[in-house]
Amino acid sequence: MSFINRRDVTIEWGDCDPAGIIFYPRYFAMFDASTAALFTAALGFNKFEMLSRFGTIGIPMVDTGAKFFQPSRFGDIITIESQIASFLRSSFKVQHRVFRGETPAIEAHETRVWARRDPEDPTRIKGVAIPDEVREAFSR
Amino acid sequence: MSFINRRDVTIEWGDCDPAGIIFYPRYFAMFDASTAALFTAALGFNKFEMLSRFGTIGIPMVDTGAKFFQPSRFGDIITIESQIASFLRSSFKVQHRVFRGETPAIEAHETRVWARRDPEDPTRIKGVAIPDEVREAFSR
Amino acid sequence: MSFINRRDVTIEWGDCDPAGIIFYPRYFAMFDASTAALFTAALGFNKFEMLSRFGTIGIPMVDTGAKFFQPSRFGDIITIESQIASFLRSSFKVQHRVFRGETPAIEAHETRVWARRDPEDPTRIKGVAIPDEVREAFSR
Amino acid sequence: MSFINRRDVTIEWGDCDPAGIIFYPRYFAMFDASTAALFTAALGFNKFEMLSRFGTIGIPMVDTGAKFFQPSRFGDIITIESQIASFLRSSFKVQHRVFRGETPAIEAHETRVWARRDPEDPTRIKGVAIPDEVREAFSR
């Protein structure tokens, strides 16, 4: 799984709290967008396309965590490096590494499910097998 | 550490994503408010007071994670149960348990630092010993 | 249109910016929840129910504005008073008044559309007539 | 006041609501970042620098509004064009125009104050005269 996507994100005034550093839930929103960007980079089309092509409702989170080594403040530009750590049958693991310049700032991991509406109960969501086309896009 | 604070939170339309379920970074914002509410309940005054009384800049996150068992959708009311798991010298651990009715929905943990501006470099933040008054407020 | 809904909202740490006052886009999220609460109070069921009963996709915003007289900081509790200013055929106007204690803090207005997916192009949204049941709920 | 700053913003999954379109308070966060980017482009240094150089606490909003002509959904890329509409003594007006491709999507306006902590009561914020250096940066 050597496919890595990198993106730069500017920390905005509105991302920060009264201590002048980023309000950490904002990082998780950035990671969610980074996972979307990782799939876009691998597949060649964006998440909107991805969901409609594969009949998927989304890739909901089942387990996530992050270790913060360095705070960022508004005006900082951070680099988020994202990659798939592993594909299971209907779930997958993502790893994000955040840098401020050369300095490691955060390590985060995610486990997400490839999900559809349950055909027997459309108010419910269930995991389904990840399409081969998706797996293969990451092994190129 | 038997002191537990419970609060009900309504999942709003704007907390939810195109799959109709909560956008998970919103949970971390709810947990941040729950940790603030836990201190308010134990100390008898709110976080604003807490920071100004103890000369603290905040209680920044160094490590957090969550496991999601059940999605919530807008209109749901969830209950967040929060407690201190342990106090170390200048850091502490918090545990959040989320329920939808009787059903466990999420388990989350936090490690946070009791922080001040570094007097030698006010652009930096450093951990300092947690005041006894704070520890004692949770052992009553 | 004398039906008014009032709700108290606590300004959280994560709602505030490095100046220590609320980041104003958060007010609009609070107003969106306040409009939902207004309909819930008038109809007797929540927005999730409302959308599914009336086959509505949402009540998207077409015009909004706010005047801010007083900043709020974290820990403050504000009261938001919301009411329908007028119903048109497929749109309606809402007014929010925010108070800190007795002091007026914000006045805001919204024009929203009662919307459905366009049956001829489900990627589009179009306004439809507001159901009589909804209008009547506000004139009781 | 011909100085215009343009930036492209990708609408992310987490910016959108259960109707699949952007949750409109997110636009105001984008506008806030756009106003910061406008000053950065004119001054040649970012908002963090700007506040520390001029001893300013921020540029709080006193009046804002927006008209929405077209919804955006996740995956869309919008262009935000921002410019100063006028400078008054201690306040200024900003105009944002949003386009999806060539199509106008939103028009928004802001009135903001150039603010400092009140030296007689540091819990209060007051408007002060906008520095000449700032005015001049926009007339080049």
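Note that the chains take the letters A, B, C and D in the order they are written out, and that residue 1 is the start of every chain.
Methods note: a residue touches a chain if its C-beta (ideal position, glycine included) is under 8 Å from a C-beta of that chain, and two chains touch if they have at least 3 such contacts.
Predicted model, so just to flag it, every value in this text is computed and none were measured.
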Relative to chain D, the most remote chain by C-alpha centroid is chain B
Two candidates, A-C and B-C; the one with more touching C-beta pairs is B-C
Per the C-alpha means, the centres of chain A and chain C lie apart by a whole-Å value of 31
Distance in whole angstrom between the CA centres of chain B and chain C is 28
Multi-partner residues in chain A (2 or more other chains touched) are 13-14, 17-19, 23, 25, 29, 32, 58, 73-74
Contacts from chain B onto chain A in the complex sit at residues 17-19, 21, 23-26, 28-29, 32, 57-58, 60-68, 71, 115, 125
The answer for chain C against chain A in the complex is residues 13-14, 16-20, 23, 25, 73-74
Residue set of chain B touching chain C in the complex reads 10, 12-14, 29, 32-33, 36, 46-49, 58, 73-75
